[in-house]
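These are the structures in question, set out in turn.
The following pair of complexes shares a single chain, chain A, combined with chain B in the former and chain C in the latter.
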Partner chain A sequence: MEEAVYDVFARKQRSEPLRHIGYVDATDDALARVYAWKTYDEENWFEMCVVRRSHIIPVNRIDGPYAARATGRLGRHAVEGR
Partner chain B sequence: MPFTEEELKARVQKGYIVESPEEMTDGYRKALAIQLTVQADTELMSAPSYWMAARHAPSANTQVSAHAIIQDELAHANIAYRLLEDMGISKQKLVYEREPHEFKHPYGFDQPLDNWADLVVANGFFDRAGICLLSDVHRNTSYGPLKRALVKVDMEETFHLRHGEVWMRRLARAGGAAKEILQRSVDWMFPMTVEWFGLPDDRKRHSGQLEYKLKGLTNDQLRQLWMSSTVPLCERLGLDVPAHFDEASQSYVLDYPFPCQYDASEKRWLFEEGRITWGQVFQRWKGRGPMNEIYVESIRRSRGQVSSWLN
Partner chain C sequence: MNARDFSPEVREALQRLILSLADTKRLLGIRYSDWLLGAPSIESGIATASMSQDEWGHARLLYAMLKDFGVDPVEVEHSRPPAEYCSASCLDEPFADWAAVVAGIVVVDGTLSLALEGFASGTYDAARRRIPKMLAEEAFHRDFGQAWMRRISEGSEEGRQLLAAAVESMLSDVVTCLLPGDDEAELLAGAGVTGQPGDARARLARRLAEPLAALGMVPAADLPLPGDWVASRRRPTGEPAADAVERARGDRNRALFVE
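Let's look at the complex of A and B:
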């Protein structure tokens, strides 16, 4: 099985910007939604979204923490390997 | 590697925030990896320890609150292991491929919590220790991803502590058998938590954690911070603790030989045998406590099964 990294964004109220609050590993989008909702349950979020890290497109630098695709870092990794 | 050790130490002291593993020096990476492993293992081992104690919850509501705490701890562990994974250290290996005695959680989480009083005092004492340690890291750490991850953790630890304090107050006010059993929990868990903070500053080996700004306070400062809220709490509740505030030194002083030996099967500190060396303490820690293997195995017993269905 292989898991991908998903970044988690959320906001408490409609007037606020979405904020990066953390990240989870999941084998697919559906599980990523569940893991994010269950892991980051410290607030009653007005809105929460997950984004596959490999779908983030860096604009001005390729060495930032979210520039996974550009650097090949933190993209996918095997789990439960033998 | 962009920085030398000396450059990075100087930079972080001036407030520089490290944002990715590529910016770390070897020394920084090593010190952070140890700190995060202790943090992750502590969160992880608190879960089976609290989970087995949650059987003693006196009602459906208390079952829910106890399990909510366990769920938080597992998320905290997952977040800390995930930070290690970013540094190239495998979460799978750490959780599933180490021997139980190789985990780096404190000795307190190798002990059985045998009743509801043990569990709520663990919330009142151990989670308070966690707050002292982690809120110091939160305020001071030079590692950006950890600083942000701790926002959630601190918020939830405060709830765990409140759960512990509310229940300690309830049992203390009830008096009689409730207060007696509460006092018994306090008797073994107070010195256990004092010891958790580790070597006194005058004995402390040089670890790099302060130089790399991975934390702000020393072991003794953290121990004092913990006592400064725990001792007054216990005094208010009419519980005996072997420590008092000393006016002359303006600090909390222990009323028993420290460090001292612990009889894990009797859950009793052997004050009467006097002071032991820190070497003897490390030996006891290394031998691990009675629940070490049981707790570790309870977390990973079903792991191979599901992956064999899926692969």
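Let's look at the complex of A and C:
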């Protein structure tokens, strides 16, 4: 079963915008939710969401970190700390 | 209601219920912690580490309820020998493989949550206050366990067999220990502390029906108490492995305790 990259977005308060906080690898959406919540549980988040990276639609460039190589571990980029 | 509002018989049974839930959570945390490294992926190892800490946090909150009964929770947490533990006996030894970890999450943790749900909706104030937060955290354990159970069930025959064997080895034990159908359970239900044990078992069977169906299994509805049942410990004879209890008590850090 192949894993996909899911990007994790969260905010601490309703008034804040969602912020990209990292990513997880998971075989399906259910595991991605759990992995995100358990990996990034250092804050008392008001809201957290995950988005499968392959579902992100590039707008102005196709070589950005969220558009290129959207599936599998090769899609990882060093811009986010874990 | 507070502990003092119940009859002496109900108080005694309630104290045993709390200890059984707390000890099972503490041992489950130990068994999860054995898999912080060696899980199938980094993410699943991190999730297991987090669940391990959740279980210990929940155990701590449950032990703290014993203060209402004049019992020192520090003594209970750090001084008892293995023979006094009231944890479900399927946690006496470590999980043999990842399939057993998954079975533990779905079956043992799932049954614990169901027992806690009944306790939280009963008449004992401390349970009504403290357990809902535990159950919110447990929702992620359930999702994690069921997703992994689906993944293994849809995988190799060997994986399915390992998982089915692990479920089989835990299910009747944990249901008997955490949802016993004995006189004491009837006493607690009669006092409104918990729901009726038969109802809880039926709810568990409904909850486990789908994940177990993928393994060709059906949860048993009627489970008699085993012949070696020890009512005072709400479990059969036997005890958790000594090394697990040493870790649970924190023997090696005894000089460093900060309470």
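As a convention for this text, the second predicted complex is superposed on the first by the 67 of 82 C-alpha atoms of A that agree within 3 Å, B and C clash if a C-alpha of one lies under 4 Å from a C-alpha of the other, contacts with A are read in each partner's own complex, and residues count from 1 in each chain.
One rule holds in what follows: a residue touches a chain if its C-beta (ideal position, glycine included) is under 8 Å from a C-beta of that chain, and two chains touch if they have at least 3 such contacts.
The model shown is predicted, which means the values in this text are computed figures rather than measured ones.
Contacts of A:25 after superposition: both chain B and chain C are touched.
When the two structures are aligned on the shared chain, A:65 is found in touch with chain B, with no touch to chain C. With both structures placed on the common chain, the touch criterion links A:3 to chain C but leaves chain B unconnected. Within the superposed three-chain model, A:49 lies out of touch with both chain B and chain C [touch as defined at top]. The partner of chain A that touches more of its residues, comparing chain B with chain C, is B. Comparing which residues of chain A touch chain B with which touch chain C, the overlap comprises 1, 24-25, 38-39, 41.
On chain A, the positions that touch chain C within their shared complex are 1, 3, 24-28, 30-31, 33-35, 37-39, 41.
Residue ranges on chain C touching chain A, taken from their complex, read 41-44, 46-47, 49-51, 140, 143-144, 146-148, 151, 154-155.
Against chain B, the residues of chain A that register as touching in their complex are 1, 20-25, 38-42, 63-65, 74, 77, 79-81. Contact residues on chain B toward chain A in their complex (touch as defined above): 19-20, 22, 71, 75, 78-79, 82, 85-86, 92, 144-145, 148-149, 151-152, 155-156, 303, 307, 310-311.
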